[in-house]
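Naming follows writing order (A, B, C, D, E and F), and every chain is counted from residue 1.
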Amino acid sequence: MTGAELANLVNEAALLAAKAGQQQVTMKDFSEALEKVQLGAARNVVMPEQERRRTAFHEAGHALLGMLQPGADPVRKVSIVPRGRALGVTLSTPESDRYGYDEDYLKGRIIGALGGMAAEEVVYDVITTGAESDLENATAIARQMVGRWGMSEKVGPVTILPSDGDPRMMGISDKMLSTVDEEVRRIIDECYGRAVDQLREHRHQLDGIVTALLDAETLDEPEIYAAAGIERPRTIPADQEPARATVPHP
Amino acid sequence: MTGAELANLVNEAALLAAKAGQQQVTMKDFSEALEKVQLGAARNVVMPEQERRRTAFHEAGHALLGMLQPGADPVRKVSIVPRGRALGVTLSTPESDRYGYDEDYLKGRIIGALGGMAAEEVVYDVITTGAESDLENATAIARQMVGRWGMSEKVGPVTILPSDGDPRMMGISDKMLSTVDEEVRRIIDECYGRAVDQLREHRHQLDGIVTALLDAETLDEPEIYAAAGIERPRTIPADQEPARATVPHP
Amino acid sequence: MTGAELANLVNEAALLAAKAGQQQVTMKDFSEALEKVQLGAARNVVMPEQERRRTAFHEAGHALLGMLQPGADPVRKVSIVPRGRALGVTLSTPESDRYGYDEDYLKGRIIGALGGMAAEEVVYDVITTGAESDLENATAIARQMVGRWGMSEKVGPVTILPSDGDPRMMGISDKMLSTVDEEVRRIIDECYGRAVDQLREHRHQLDGIVTALLDAETLDEPEIYAAAGIERPRTIPADQEPARATVPHP
Amino acid sequence: MTGAELANLVNEAALLAAKAGQQQVTMKDFSEALEKVQLGAARNVVMPEQERRRTAFHEAGHALLGMLQPGADPVRKVSIVPRGRALGVTLSTPESDRYGYDEDYLKGRIIGALGGMAAEEVVYDVITTGAESDLENATAIARQMVGRWGMSEKVGPVTILPSDGDPRMMGISDKMLSTVDEEVRRIIDECYGRAVDQLREHRHQLDGIVTALLDAETLDEPEIYAAAGIERPRTIPADQEPARATVPHP
Amino acid sequence: MTGAELANLVNEAALLAAKAGQQQVTMKDFSEALEKVQLGAARNVVMPEQERRRTAFHEAGHALLGMLQPGADPVRKVSIVPRGRALGVTLSTPESDRYGYDEDYLKGRIIGALGGMAAEEVVYDVITTGAESDLENATAIARQMVGRWGMSEKVGPVTILPSDGDPRMMGISDKMLSTVDEEVRRIIDECYGRAVDQLREHRHQLDGIVTALLDAETLDEPEIYAAAGIERPRTIPADQEPARATVPHP
Amino acid sequence: MTGAELANLVNEAALLAAKAGQQQVTMKDFSEALEKVQLGAARNVVMPEQERRRTAFHEAGHALLGMLQPGADPVRKVSIVPRGRALGVTLSTPESDRYGYDEDYLKGRIIGALGGMAAEEVVYDVITTGAESDLENATAIARQMVGRWGMSEKVGPVTILPSDGDPRMMGISDKMLSTVDEEVRRIIDECYGRAVDQLREHRHQLDGIVTALLDAETLDEPEIYAAAGIERPRTIPADQEPARATVPHP
C-alpha cells in the first residue's frame, strides 16, 4: 500500500466511525474500510432471485475450488453483494508474504479462477459471458507458466514471451508461438477438467456454501470453511511450503 | 444514460409538447423524444414502393427471428420509416436488467442480426449490401464467443482475443487465429442456416408482419406480436433465465 | 452536394452564361457547369488520331457493357475529350436514389469497370497500363463483396475486412486472407471473362459507339443508346429492382 | 517542368552563352543547359581507361537494347562523361506524348534497363554492383505489371499492390504476395534472357557503339543510330502505336 | 563506472565510516559501499526459515555450478540477505579484464544462470517462478550465440538478430527465426541437463554451501570455495584462456 | 571527407607537429593524424600476453586472407594496439578509386571479414564473441549480393531488399525472404570454408605475420607483405580490373 492509499483507508474508517456515532475508530471500522477500498462500495440494487442464486453458485465455485487445492491461499471472503461492476466477489490472500510460486500452486490458481465457469456448467449446464475476466486471469497465468517460467516441457526453460510487448518484435517465430498456444490450451484444459470434476465430486459442499451465501450475502473466512465443512488450514507446514522468489503475484 | 443525455431527452420532449401547443409535457412526448434520440429523427423521403416492401421484409426478418428464439429479449419496435442513414429499424431490449449471456442467448442474437439478410434471401433469393452492418454485429458476437467467452470447444476456455487491439501483439500464433476464424465461420453458418430455416417455416408470420408494417410503418410491441400471431412473452420464468454476469451488452 | 459545391456550381453556370453573352443562365449552362465540376475542365490538347481511336474503344467498352448488364445504372455520358489526367470518361448514374446493391448489380459494376481493358484486348489483343484505376475499382468492389457483404460461399456471411484499416490487427489469420484473395480472383476472372465474351458477341455495337464517339467526341444518354442500337431502359419495373439498403455507393 | 525549373533552365542557358562570350542565347545553349539540368554537371575526373571501356559497354548495352525493341522510345543520348554519382548515362524519351503502355513496351523497358548488366555479362562474364539501380528500375516495372496492371495470367486483372504503402495492411495474404514474387521473377528472367541473347546476336553493333563512345564520349541520337548501323525510327505508324492511357511514366 | 557512480561510492563509504564513528574511511568501508551500491541496501525483513532454506539452495546452485565450469569467472560472493526485490544473490566477476568469450565459457554462464532452477528441481523436485529472470538471462545469451556469434552449426556464421530491434524489419524470414528458436532451445536444454546432472553428482558440495549460507548469510570468495571443498582457481593459465574480443559482457 | 573532417585532420597533424617540437607539419604528421582519426587514438592498456597473441592471430587472419584473394584491395596496415573498443585492426583500401565490385571481389571481402574468426578456429579450434562485428559485415555484404545486386541464381536479377527499411512493407513474401536467407547462408558458408582452407594451407605465412605483429605491434603495407612472404600487388592490370559503377563501398 502506498502512503496515499493508507491515508484513504484511515479516512474511510474515520467516516464509518463518525456515521455510527462512535467517539473512536474501532478495528471493525478499519476492516470495513479496507473491504470498501478493495472491492468498491456496495451497490444498492435489488437482484432478481435467480441472478442471486446463479451468482452464489459462481462465487461458491471459486471459493470451494480455492479451498480444495492443497497449498492454495486461504479464502478470506465470499460475497454476492454487487459492488461496482461485479455481482459478487471471492477473495483469497496468502497466510504470510510469499516469495515464489510452484507449478502446483499456479495450477491451483487457474483452477480457482475457472471455478465460477465450472460451477455454472456443473449446475446449469451452461457457459456464460460472466466468466470473461476469469478466463483472462487464467490464460494470463498459463501463458506466463509456458512462456516465462519454464513450466512446459514442450517449450522448456526458455523465455519466449517478453514481460511486456510483442514477442515477434524480439524475433520469436510463429511456429514457436503456436507451440505456446498449444501448451497454454493443454494447461487450461487440464485445470478446467479438474475444476469440473472436483465440483461434481464435492457438489454437496458447493450447495452448502450457496445456501450460506444466499442467507448471509457475505461470508468471512471461518464461515466459508464452516459452510463447506472444510477444516481451515493451519499455517502451512514448512516442508510443504512451495517455493522461493521475488516474482510478483501474477 | 448520462446526465447530458437525460437533459437532451427532457428538452426534446418539451419541444414536442410546445410544437403540439400543449401546456404540459405528457408521457407520450417523452416516449417520442426517447425514440427520436435513440434512432435519429425521421427523414422526410418518399421511398419507392418496392424499396419499402424490401425494407419491410428485412426488418420483419429481424423481428420474427427475434421473437422466435427462446429466451431472447422482447421485440419492442419495428419501423420502416427512414431515420438518419437507416431505412428501417428493429429494436429489442431486455425485460429487466441482464447480467450475463449464455451461448443460446448469443446465438439467438446472431440469428436475429442475420434475420434481415436471411429474409431477403428467402423472399427475393438475393443477398444485398444492405446487410453489411448486420454481418459486422453478428461477426463481432461470434468472435467474442470464440475468443473471449470460451464458447468454442475447439478453442476452449482460453482468452485469444484482447478486449481491444491486436492479438498478434500478445504473441498469439497465426495457426490459433486460423482456428478462431474457422470457429467463427462455423457459428455464423449454423446461425444463418437456422435463420433461413425458421423464416421458411414461419413464412406466413413473416408476411403478416410485412403487411402490418407496410400499413402502419411503425409497430409497437403488442402490434408486432399480434401481427406475427405470437403470444408476448411473460416475465421470463426464473428457471429459464439464462445467466449471471457483469459483462456489458456485446 | 455540400453548400460550397452547390455555390461553385452556380458560379460556373453564371460564368458560362456570361462568356456566351447571355442575359440569363439557362438549364444548358447548369448542365455544362455540372459536367465541368464533376469531370474537370476539358484540356486543350490535340490527341494523335490513333490515341483518340484507342480511347474511344476503351470508353465504348465501359459504356456498352454498362448498357448490357440487366439492372445496371443507365449510361449518361461518354466522352473522349481529355479532362484533367483522364483521356476519356464514361458516366453512369442511377435512375433514382438506390438503397442497396445485390450481387448481380455489383458484378455488373465490375464488368463495366473492366470493360475498357476488355475492349483493348478484344480489339488490339493488348493489355495496357491505362486500365490501372479500373482494376483498382473492380478489385475494391470484389473485396467488399467477399469480405464485408457475405457474397462468397467459400467465406460465408462473415465480416473479414474492416471498413478501414488492417484485418490482421483484428486477428484475422493469413489463411483466411488467402481465401479472400482466391475468392476475389474468382469473381474478377468471371467478370472479366464475361466482359470479353459480351464485347466479342456485340462487336458491331461496340464499333457503332466508337464511330459516333470519334465523330461527336461526347455522347449524351440518348445518343449512346442510339449509337449502340439499344433501347433506353424504362424506369426499372418494381419486381426487378434489386435491393434495399443504406450502404453508400462502393 | 515547373515554372521554377523553366526559369533555372533559362538562367543556365544565359550563363553558357555569357561564358562563350556570345551576345545572344542560341538554341545550342538551351540544349546544353537542358542536358546539364537533367543529368547534373559533368564531373572533372579522369577515369582509368579500363573503367571508361567498361562504362562504355554498360551504356552501349542500355542503348543498343533500347534501339532493338520494337515500339520503344528512341535513344536520345548516350554518354560516358561522369556526372554527379553516375559514370555514364543513356537517355530515351518518347517521340511524342504517350498515354499508356502495353506489355511489350514495358518488357522492352525492362530489357533496356537490364542491358547494362547483360552487356557486362556478355563481354566480361561478370556481374557487378554497378547494376544496382538498374535492377531496382526493372523490378519496379515488373512488380507493377503483375500487381497493378493485370499483366500476369497467374495473378489476373486484380490490384494486389497499393500505389503506395504496404499490401499486407490491406489484407493481402502472404501466399498471394509469394505468387507476385514468382511472377516478377518470371518476367525479369525472361527479359534478362532476351537482353543477353540480343546482345550476343548483335555483338558487332554493341562494339560499334562502344568504339564511337570511347572516341566521342557523348553521342547524340543520329550518332548513336549511325554507330549501331540501325535506321532511326520514323514517327511510329498509327497501327503499331501501342496503347492509350493517363498512367504516368512508371 | 562513471564519475557520478564513483562519487556516489565514495559518499557511501564516508557515510559508513561516519556511522561507525571512525575518523578515517577504511578499505572495508569501500568494500561494503560497493556491495551496497551494486546490490541495493539490505532489507530488514525476517524470512520464514523454509524460504531462507530454499533461497540458500537456489543461490548455492548458481554458485556451485559457477565454480564447477572450467574457465568460468570466480564466484565472489553468495548471500541470502534480501536486498531490493531479490531474496538472494550470487556474484561472479572475471579475474582480470576479459576481451571475448568462447562457446564453452558462454555455456558455462548459461549453466550457472540455470543453476538456481536446477537446484530447486534437484532438491524439491519443483520449478518455481523464482527463476524468471535467470531464464531471461540464459535465453538472452543463447539467442546471441545463435543469432550474432555464429555458434550454431545449423545457422552458421551469419548475423540473424540485430543488436537491437526486430529481425523481421531487416527481412529475416519466419523459417529462419524458427531455426533460431530451435537452436536456442537445444542449447538451453543441453545446459539445463548438465546443470541438473552436475548438481546431482555434487549434491554433497551443494549441501555444504547451503549449510554455510544458512549459518553466515553471506559468504566471501574464500568461504564459498571452502564450503564447497573446491580449490580456488589460480590465475587462469595462458594456454586455457578462452578468447580475444571487444564484445561487451552479454 | 567533409570539410569539417578535413579541418579536423589538419588540426590533428598540427598538434602532432607541435608536440614533437617541429616548426613545420610534415607528411608523416598527416599520415599519423589520418590513422588516429580513422581508428581512434591508441589506448594505454597492457594486454595479457595470451590476449595479444590471440588478437595477433585474429588480425593476421584478416590480413593474410586479404592478401590471398586475387583482385582484392591491398592490405595497408595491421595493428594489435588497442584503439577505442577494438583490440586490433586490419586496414585495406583500393589502389585507386573504384567504381563497382564484381562477385569475386565481394566474396573476397567476405572471406577477409571472416578471416579473424577462421584464424581463431584454425589455431585455437574455438569460436568467440570477438567476431561479432565481422559477422555483421560479412552478412551485410552477402545480403546485398543476393537481394540487391542480382548475384544469386536462385533469386535472380531482382531487387528484394530495399536500400533501407523493411522488405515486407513493400510486399515481399516470407517465402522469398526465406530463399534470401538460404542464399546468404550458402554464400557465407562457401566463403567461411574457403577462409579456413586457405589459412590451413598458408599456416606458415599466418604464423609469420603473427610473429612480426607481436614484435612490432603495427605493420605497414611493405612489412605485412614481407612478413607473409607475398609480393606486393602491382597496379592491377587493366584486363583484370573487375567492374564499373557508382555504387558506394558496401
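Going forward, contacts are C-beta pairs under 8 Å (C-beta built on N, C-alpha and C of every residue); 3 or more make two chains touch, one makes a residue touch a chain.
To keep track of the chains, here are their UniProt names: A, B, C, D, E, F = Peptidase M41 domain-containing protein.
Nothing here was measured: the structure is a model prediction, and the numbers come from that model.
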Intersection of contact partners for chain B and chain E: A
Shared interface numbering between chain C and chain B [over half = same, under half = different]: different
Chain separated most widely from chain B, comparing mean CA positions: F
For chain A placed onto chain E, the superposition rotation in degrees, Cα atoms, nearest 5: 60
Inter-chain centre distance, chain C versus chain E - centres from mean C-alpha coordinates, in Å: 70
Separation of chain C from chain D, taking each centre as the mean of its C-alpha atoms, in whole Å: 35
Chain B and chain D, separation of their C-alpha mean positions in angstrom: 61
Multi-chain contact sites of chain F, meaning residues that touch two or more partners: 168, 172, 174-175
Pairwise touch network: line, ring, star, complete, or other: ring
Ring path (origin chain B; first step to chain C): B, C, D, F, E, A
List of chain F residues in touch with chain E within their complex: 45, 47-51, 54-55, 58, 85-87, 114, 117, 120, 124, 126-132, 135-136, 138-140, 142-143, 147, 160-161, 165-168, 172, 174-175, 177-178, 180-181, 184-185, 188-189, 192
Residues of chain E touching chain F in the complex: 96-97, 99-104, 106, 144, 148-151, 155-159, 168-176, 238-239, 241-247, 250
